[in-house]
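Below you'll find a set of structures to go through.
Same chain, two partners: chain A is paired with chain B first, then with chain C.
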Partner chain A sequence: MEFLLGYRPLFDVFLLHTGYALGQYIVLRAGVFSVANAGLSSIGAYLAAGLTLKLGVHPYLSLLAGTLAGVVFALLLSWPLARLRGVYQAIATLAFVQVVLSVNVFAEPLTGGAMGLNGIPRVVGTWTLLIAVGATIYLMTAIGATRLGRAFDAVRQDEAVAVSLGVSVTRTQSVAFAISGAVAGLFGGLEAFHGYALEPNQFGFSFLVAILSYVVLGGRRSVIGPVVGTAVLVALPEIARPLAEYRMLVYGALLVAVIAYLPRGIVDTLLDYLRRQHMAARAASTAGRQS
Partner chain B sequence: MKGLSLQGVCKRFGGVTAADEITLDVPAGRVTGLIGPNGAGKTTIVNLITGMLALSAGRIVFDGRDISALGADRISRLGFARTFQNIRLFKEASVVDNLLIGFHKLQQSSLVSNILGLPAARAETARIRAMAHDLLQRFDMSRFADFPAGGLSYGHQRRVEMMRALAASPTVLLLDEPVAGMNDVEAAELGRIFLEVAASGIAVLLIEHNIRFVTRLCEQVHVLDYGRVIASGTPRQVMSDPAVIAAYLGS
Partner chain C sequence: MIVQQLLNGLVVGGVYALFALGFTLVFGIHQILNLAHGAVFMTGAFIALYTVLAGWPLWLGFILAIAGSGLLSVLIEVVAFRKLRQSGEAEFGAIVSSIGVNLIIVTVAQKVSNTLVLRFPFDTFPIVIYEFFGLRVSALQLFMAACAVALVLLLTLYLYRTQFGRQVRAVAGNERAAKLLGINPDLVYFQTFFLSGALAGAAGVLVGLAFNSIHFMMGEPWLLRGFVVIILGGLGSIPGAMLAGLLFGMIQTMTIAYFPSGLTDAIIFSLLFLLLLIRPHGLLGRPEAGAMRGR
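On to the complex of A and B.
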C-alpha cells in the first residue's frame, strides 16, 4: 500500500494527461490537424484559477467557466481553420498556442506574467480526476457509436465522399473542435486546482509535443489508443530511472521506433491484427462447412 | 419538369473550357446517357452538378429549383447521390461501416443526444445497421458484411459504392463510369440494377465509355467532346452522326 501511494502523484499526472490526450484525439479523428489544445488548456487553466483567486468564485464554477472558455475559443478558431488543410492547420494552431503563451506572459496583472499564479487552492484529487477521465472516455466512446462519430470518420478518410453523402465538413469539424476545446479547457482547470501553481511555459511547445505523442504512440482510431499511449509515455521516465540522464533518449528512441514500425500506433495495430485473425478464422470455418 | 436540367452550363479552368454551354435534361424515371472520349469533360459535369465545382456560367435546375449556388453537402441532402470514377471506399473499414455513412442524410438524432450517446442516438444506429443489412441482402453481399472493403474484388467494391449511393434513397443518381473494368456479365448485372433504380422514379445520369452498354440502357444519349455537347438523341441517331464518328474514330 505504501508502495502504491508513492506512485500516486505519477498516477495523477497520468490521469490529467489522459484527458489532454483525449482532447487531442477527438480533433484528429475528425481530420483536423490541430495542435491548439495546449493553448485551449492554458486558457481553461488560467481562467479557472484566476476566477477563484481574484474573485473568490467557487472552484467548481471556475472549472465550468474554464470548460466553456475552451469551447468558445475552439469555435472561434474553427472558423478561420475551415479554410485550411493538413499541415497549414498545424502551423496556424501552433501560432495560436504561441499567442496564448505571449499573452500569458504580458498580461501580468491577470496572469501573474512569467511568475504565473500561486496559492491556488488544491481541491482536485485523484478521485475527481478519475471521474473526469471516466466521463471523458465514456463521451468519446458514445460519440463513436453515433451518427456524429461516423461523420468524423468519413470526413477524416475522404472529404469528397463525405460531402457527396451529405456530411457538412465545416460543421462536423467545428463540432469536433468544440468537444476538443471543452475537454482541453476542463483538464486545464483540473490541473490548476491540482497543483497549487501555474506558470505560462507549462502549456508551451513541449506540452504540445507530449500530447501529440500520446495519440501517435497509442493510436488515433480507438478511444483506448490515447489512454495506452499516455500510460506508456508517462510511466517510461520512471521505468527508465536507472538510466539517469539518458531517460529522454529512451523516450525519443521509442517514439521513432513506433512511428517507423507501427505507424498506426500500438492499440490500432493490435486491434487490426486481432480483427484479421478473427476474419481468417471465420473464413476458414465457412470454407470447412462448404467442403 | 421532374428531374434535373442543365441550362447553358459553363466551366472554365483558367484558359481551358472544360464545359461549354452544356444544356441537357435528366428526367426522372429514366437512364440518360452521357458519353464521350477521354478528357471530354464528363466527370467535370458530375462535379458541377454535385456542387464540388462552382459554375462559371449557366444554371442547374432540380424540380424547378435553381441549385447552382448551393454547397455540395446541401445538394446531396436534396436527394443527390453519386459514385466515383475511381472507386472511393473507406478501405480499412468494414463493408457495413462503409454503408452506414450512406444513411447519414436520413438520420435525425440531435447533436446533444449524439455527443452524450443518449438512447435516441443509439437506437438510430441500431435501426441504420438493420437497414444496411437489408441493403446487403438485396445486392447479395451479406457474406462480405464484416470484411474490410479494401480487400474485396474490384466488382464487389463497385457494388459497395453503389449500395452506399443508394442507401439514402436518392432522387437523382449520377454514375461516373460505373462498369469500367468489368466484364460483360458483371456489367449486364449492374445494368439491370440501374434500370430497376430508374423504374422506381429516380433520375439516373450514366456516364460511360462503353457505347454498347449505354445503347442497351438509355433512350436518350448526349455525346460530349472538348466540353461541348456535339450530339443528342436516341443511341441509334447519335451513333450515325458524323460528328460523333469523327470524335471517336477521327475523321
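On to the complex of A and C.
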C-alpha cells in the first residue's frame, strides 16, 4: 500500500494526460491534423480556475464552464480550419496555441500573466480523475461503434469516398472538434483544480508535443492506443530516474526507435499483428478441412 | 526612424530566410516537417562558439558550424527518417520522430553548456558602425546581409543550374519516377538534408553573433517562427521562403518597435492564422504544394 501511495502523484499525472491524449486522438481519428488541444485546455483551465478564484463559483460549475468554453472555441476554430488540410491545419492550430499563450501572458489582471494563478482550491483527487478518464474512454468507445465513428474513419481514410457516401466532411470534422474541445477543456479544468496553481507555459509547445507523441506512439486508430502511449511516456522518465539528466535522452531515443520500427504506434501494430495471426490460423484451418 | 527600423528588420529577415529555406527545402522535396531544425540551428551556434572559445578564429568557426550542422542534419535523416520512409506513414511519424531527435540534441547541448547562457568573447566580431544618409548600419549587420545573400544565391545556383540540383528537383516532383530514371534517392536525401542543416547552422552563428546569447533552448522560438515564415511563403516554395523571411523580419521589428512587447507573438501568430484563411497556400505557394491534399 505504501508503495502504491508513493506512486499516486504519478498516477494522477497519467490520468490527466490520458484525458488530454484522448482529446487529441478524437480529432486525429476524424482526419483533422489539429494540435489546438493545448490552447483549448489552457482556456478551459484558466476559465475554470478564474471563475472559482475571482467570482467564487462552485468548482464543479467552473469545470462545466471550462468544458463548454472548450467546445465553443473548438467550434469557432473548426469553421475556418475546414478550408485547410494536413500540415496546414497543424500549423494554423499551432498559431492558435501561440496566440492563446501570449494573450494569456499579456492579460495579467485576468490570468496573472507570467506568474499564473495560485491558491486554486484542490477539489479534484485520484477518484474524480479516474471517473473522468473512465467516462471519456467509454464515450470514445461508444462513438466508435456508431454511425458517427464510422463517419470519422471514412473521412480520415478518403474524403472523396466519404462525400460519395453522403457524409459531410465539414460537419463530421466539426463534431470531432467539439468533442475534442470538450475533453480538452474538461481536463484543463481538472488540472487546475488538481494542482493548486496554473502557469501559462504549462500549455505551451512542449505540452502540445507531449500529447501528440502519446497518441502517435500508442497508435491513433484504437482508443487503447493513446492510453498505452501515455502510460509508456509518463512512466518512462520515472523508470529512467537513475539516469538523472540523461533521461530525456532516453525519452527521445525511444520516440525515434518506436516510430522507426512501429510506425503505426505500439497498439495498432500489435492489433494488426494479432489480426493477421488470426486470419492465418483461420485460413490454415479451412485449408486443412478442404484437403 | 521608420526607415532605420525597416532596415534592421530586413537584416533579421535575411537570417529568417536562411533558417526557413532549409526548413521548407526538406518539406518541399520530401514532405517531412523536421521539428529538429531548431536544434540543428542551435548546434551551429554552439560549434562556432566553442571553436572561438578554443582560440580559433571566427571564420573557421563559421565554416565548421556550417559543415557540422549539415552533417548533423544528414545524421538525423539516416537515423530518424530513413526507416520511416519505407513505411508510408511518414507524415505523422516524421513529426514525432523529429521531436525525439530534438529532445536528444537539446539534452546533449544542455549537458555540454551546463544549462548556461553563453556569449561570444567581447570583440569576436569588430564593432564598427557606418552611417549612410543618416542610417546606422553595423559591420555585423552588413556581414549578416552579405552571408544571407551569398548563401541564398549559392543554393539557387545549386538547385537550378547543376546536375545535382536537377536530380533533387526530380525527386521533389515524383520520387518513384526519379528512381526509374536511375536517380539514387538516398543521395538526394543526403544533399537536401545537408543543405538544410548547413543553412540552419549558418543562421545559428549569425543569430549567436547578433544577439550574443547562446543557450540550449535558443532553437525553439526560431522553430515556431520558422513555421510562420514557411507558411507565409507557401510550404515548399523557395522564393516564397526568401520573400516571407524578409517580410517577417520587418513585421517583427515593427511590432516590437510600435506595440507592447508582450503582444509581439500574439500579433505575429494572429496574422499567420488570418493569412491561412485568406490564402491557404501562402503568398507564393501553389495548391499542388500540398495544402489541399488529403492525407
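The definition used in the following text is that the second predicted complex is superposed on the first by the 291 of 291 C-alpha atoms of A that agree within 3 Å, B and C clash if a C-alpha of one lies under 4 Å from a C-alpha of the other, contacts with A are read in each partner's own complex, and residues count from 1 in each chain.
As a working rule, a residue touches a chain if its C-beta (ideal position, glycine included) is under 8 Å from a C-beta of that chain, and two chains touch if they have at least 3 such contacts.
Predicted, not measured: the structure shown is a model, and the values here were computed from it.
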| item | value |
| --- | --- |
| First, second, both or neither for A:F96, with chain B first and chain C second | second |
| First (chain B), second (chain C), both or neither touched by A:L139 | first |
| Partner chain(s) touched by A:V87 [first = chain B, second = chain C, both, neither] | second |
| Which superposed partner A:D158 touches (first chain B, second chain C, both, neither) | both |
| First (chain B), second (chain C), both or neither touched by A:R150 | first |
| Chain touching more of chain A, residue-wise (chain B, chain C) | C |
| Which superposed partner A:E245 touches (first chain B, second chain C, both, neither) | second |
| First, second, both or neither for A:L217, with chain B first and chain C second | second |
| Chain B versus chain C as contact partner of A:P263, first or second or both or neither | second |
| Which of chain B and chain C A:S168 touches, first, second, both or neither | first |
| Intersection of chain A interface sets (partners chain B, chain C) | 158 |
| Residue ranges of chain B in contact with chain A within the complex | 50, 52, 71-73, 76-77, 81-82, 84, 88, 90, 92-93, 97, 100-102, 104-105, 107, 109, 111, 113-117, 121-122, 124-125, 143, 146-148, 164, 168 |
| Residue numbers on chain A that touch chain B, as the complex places them | 138-139, 141-143, 145-151, 153-154, 157-158, 160-169, 175, 179, 272, 279, 282, 286 |
| Contacting residues of chain C [partner chain A, same complex] | 27, 33, 35, 79-80, 83-84, 87-93, 95-97, 99-104, 106-108, 110-111, 220, 224, 227-228, 231, 235, 260, 262-266, 269-270, 272-273, 276-277, 280, 290-295 |
| Chain A residues touching chain C - in the complex, by the definition given at the top | 31, 33, 80, 83-88, 90-92, 94-96, 98-99, 101-103, 105-106, 156, 158-159, 205, 209, 212-213, 216-217, 220, 245-246, 248-249, 251-256, 259-261, 263-264 |
